[in-house]
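Encoded as structure tokens, here's the structure I'll be asking about.
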């Protein structure tokens, strides 16, 4: 029986757990030790540490404190791991807790984090997704059910001191170009809500003041939100500190490419079963800077798609130069508009492309001035036919159900 | 036996063909007429109209005249098609000509068009790819062979007058923000080398002066360079003029997502077999602005991948804000660097990820400030094992073969 | 939290459980009731009810009492189900118990059950397979690891009285054609070891005397051993009695087409999560005699295969007429012989094609006198390359490890 | 430009071509020579040599002379090939002739060849299938269209003298067990219609008297009718004579597993592009008796299936012992019956499962006394939804179109 080396208690605050942290720092103490070849289980909070509830009120999404995220389980020390090695991680399995077979997807208020389409969806909304074995569906988004591709949104090893400094420097430089922007350009260190694991006192305080926030993906992996890092996948992580210091969290039941709604997957608490091995001096041998990985042999074969294109001309008709993010945003908007013809609200459309295993492809990046991005919407996740035909679309939903919204509070 | 409604003669210049054009304009005369339900074959020049030859000298790539591209076959009138309809196009088959079973991939000089990685590959290079049935390989890139996903890089219907004006306006506005830039920010109309099909005299001249260049993808589709628009796929194009005016060209034997080398696929001359149908008033019925499409049931199952990540920190360590193009560029550079460990030159690595059916995914677009993009490199296209292991990589190539380069001429 | 409607205690005998039975009979009392639309969990013994242990001694396989198998959990009553309906069953998930993450594969002695290749493997052997998340490997079969396609080997509804009589009649007729044969031609009712669930006394005794054995698949489904009936699949079962009476057991972690070793999959105890619905009068509406099903969207994409052919000429060179079983047996023997060239024992080869997700295809059934069957061996389950090349095979195993054997006892 | 080393003229009889033969014999003279590494094109008659026409009259199928089939192109000599080698054949591409973009499927009369379901379809019927690029559909079978998996039904190397003798001996022994049976148990040598290629005079006559018929698959491959031997596949053939003597024919546009209708695929004339290589002494190195092969990376992903089961109880309710052919026959009959509920005639159902890329799996071969076979019917080949639901099936066809039948002539 596989050991669960990090256990959590959902009834207690994440801050009460010393095997959890929410910042990246080289000095966070290891909370468990494993050997190459070992497999083990790690329990994880949802990324917000339980701030979001299974109900029909989106005010918890509106009011979420984003300085507290993401709560990660770890760091785990791997015997023999040294800077320059590659840590090979087999993701053997992932699951929700038996007593909490549900997850949530949220749109953050533009005043508090926002998301990829926050100009179109400026206020907080929340959908709850129930898990039925390998499948999920939502009482807030009728007519769609699909198999999850469970994955950790966030996983990686502790940075070295040099790497941490580099992160802080470059992000501060960006932040400083427009310090008053909302949403802000970067999430800088913030000591108050930092959870530094087992660090205490002054040591904790000084580390908290410089600990890197967990929001962006970086060289070590981190918050990559790659939907394909699922059970069965194998990842090679760069190692920067002795013992590697592997941490993981932000489990997702499913997500589309881009994690477009920011609180963007079907977020859940749960456990992950992993196995680790080392490739000594692997970073130099393979010239690896960012993690590389191999996909699982086990993925849903939703391979009939309806594919939407977008180019880098924005919603106002303005031409941008090879901007792939704008191109993808247009593809997203085109898909949402299309779905409304079948009876979905625009918010439901947004949730679907955020939660379901849609693909986002970079189709053309050289045909000046337009990038071309494509959004691949799997047709088999719908309970009705969404393909075009000569008769036109059929409205399958009557609009009586929508995704709960929590308007911004007047200040 | 299916009719070939547009025939070309590779021994004559594209300019001598009045069933070919290289600009978009609503008034280009139709060169053939078909009915809904018809299937038919169209022959096409390669996108440069034969400027590139099957040899080991890249000077033709260096010296290519990009104001002449792309040569398109058409426009084809579809009976009954009216503005607002959707033109359903089944791509039934595509092939190279029996007497020309090869294609080319090129890196343009940064002085003349450039490409996605032109800072790293500033000078012209060219690789030739031979076709062997469904497979291709190159004498310039040993150790790799794969099945093609043949597709037209460029296909779409004629724009309306209003659409043409909109294109010209917005692209000029962008161009004017930095008019002296190299490469330029947009390709503006250029009358001299315009081929306006059957238009003649003053009519031709005034249309040539405003005909939109074929380089960027736009609302009508156009130069989308979507590798998955292959035989078996079905596309729904917006119709803007009576008769639709379908034109097609820029056939590719294979391409990776992004068409990163600009002359970026394995480019070829050949033929395409299509079938057309109409969805009357389909644009409004389905709220379609850009084309949508369904992939073919027939695609190579190269589905064991090595996946490279990139984030929006550039080669100089500078932090950018959610810039997916930069993130994808980093993923490309990471993949190229990795391949060099097996003996490839960097240029060969660049050609591989440009030509082979790699995927480019938009993995994260909300985790400020870093976008995350992934490049999916299929491992089965290599004749040797490229997966990481504890022993480190084996150099399978001795460096004796590389991709021909033509240095920029001194001016 | 989903209800577990049938719970078992692995520390007690299956005979002590009244929610379990090992014969088919219309009068076995229902042990639980569900409604259409409900989802629920059912716990199951392994098919032998715990006769086989996790050790290196195959005597338990040799001595297994096959009159006791298979222990099924149920029957479950579905409200409103009537004869002639179709019972739609969604298999939502399947798992091994946390405390028993292993399974077994056995070859039965030809004196006691035998198997598909019992002339080649006449004595009992056993391999133990450990589960690591979605993967399994065996200490008795080195060099191979693969993701499971978990499925119930045996599932179906209670037969009607008429159907039971028909089964007993036709099987007895076959048995009587060669009553002394070993192995026997059919498994006839056998009261002594029958477990009739909650039936007691005379009623139990008379039912036990006619209860159909669970070994063969029949019109209701039953012991189909179809490897693709996995989590995510949907099955439509004919209903023959009021309430349907769904029973299930014989869980497998993985199996190849044909379940060729008889104790032929990786057999395990565990649980299955299902959802039921009804198609009223579905048998007539769809003219369904045997169950039909839809595969899961979630299956391992081991789709690079080495494919072995067999024809209906037997091991002695004798020509048979379109005998597909003999053709498949030859394909199996060809695959086993091939694997020995890489260092496997023949027994290990037999276990691999029994346990791994190999496919068995009926390739030709009309080209007199030879059927052609093919065995599709996935190459990606091996840790080394098993593909042919000009240099010949490399022996990766030194023969030091083999599958434990328990010779027949002398009588 | 690849050489076409065997050309045929469809306007002349196959018997007038000396680069064609219709029997297997070691002494048939080579008609072309290639070297290892060469790729080349071979043209082929349809298997009947043009006996079947594109019309609505099945009398040609009824009256076909089966002693004349199959017309094979070859044999081709491979330099350096010796008995004991493996001949590696890459199938690079296959196509129909531009001027003959159609094929046929036939049910033979039970009086003349029969087929897998000849008790149910005792009289000759014929459907014509038109090719549209990668797709095919039939005017005789509405509502179904699919991409072809083109393959040679028949391919292999010349037998040695010893192998030929063995074939003739064992087939004669089988034939003699029931010499008056219709259909016969085996096709014995028949000199009159034998086409022995370039053999002449007495030599031809004595070889014709012993040349093995081409109907069954045998150790060398031959008429395997494996639908997956398609463009992109790689096959390893045993070599029995100096030069190997590769012959090929019986091209199919598409076929289901089992080729159940005997004239069972969509049969066509056309060409095949191949590349050959040698593995010296490969038969011993890999212990290979029958050909082995690797599937193409390029296959249609029709992977949503409706799966029908069959067990070895025949149409009359009689129990057979582990007879997989009977089990598959029941699965076929179940699928046909199901399709009739949507408006198809039984003959159309039979044609669909013969022509479309259905799979036939050997699901269980050990659960005495019932084998279990499954027929996997891809749902995406139909223009309407054929999946079961609570409302019951919709008749999409009105029965006005059926497959032409030619009743047996009264004798």
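As written, the chains take the letters A, B, C and D, and residue 1 is the first residue of each chain.
Here is the rule we go by: contacts are C-beta pairs under 8 Å (C-beta built on N, C-alpha and C of every residue); 3 or more make two chains touch, one makes a residue touch a chain.
By chain, UniProt protein names: A, B, C, D = Acetamidase/formamidase family protein.
As the structure is a computational prediction, the values presented were derived from the model and not from experiment.
Visitor: Measuring between Cα centroids, what's the chain most distant from chain B?
Guide: C
Visitor: Which of the two pairs, B-C or A-B, is linked by more C-beta contacts?
Guide: When the contacts at B-C and A-B are counted, A-B has more.
Visitor: Distance from the CA centroid of chain B to that of chain C, rounded to the nearest Å?
Guide: 51
Visitor: Distance from the CA centroid of chain A to that of chain C, rounded to the nearest Å?
Guide: 40
Visitor: Taking each chain's centre as the mean of its CA atoms, how far is chain A from chain B in angstrom?
Guide: It comes to 32 Å between the two C-alpha centres.
Visitor: Where in chain A do residues touch two or more other chains at once?
Guide: 301, 303-304, 380, in rising order.
Visitor: Touching chain C in the complex: which residues of chain D?
Guide: 86, 88, 115-116, 166, 170-171, 173-174, 183-187, 215-219, 221, 223-228, 236, 257-262, 264, 277-282, 285-295, 303-311, 313, 317-325, 328, 330-331, 334, 337-338, 340-341, 359-374, 376, 387-390, 392-393
Visitor: Can you list the chain C residues touching chain B in their complex?
Guide: Going through chain C, the ones touching chain B are 301, 303-304, 380, 385.
Visitor: Give every residue of chain A touching chain C within the complex, in rising order.
Guide: Going through chain A, the ones touching chain C are 1-2, 39, 90-93, 98-99, 101, 132-135, 146-147, 231-232, 273, 275, 296-302, 380.
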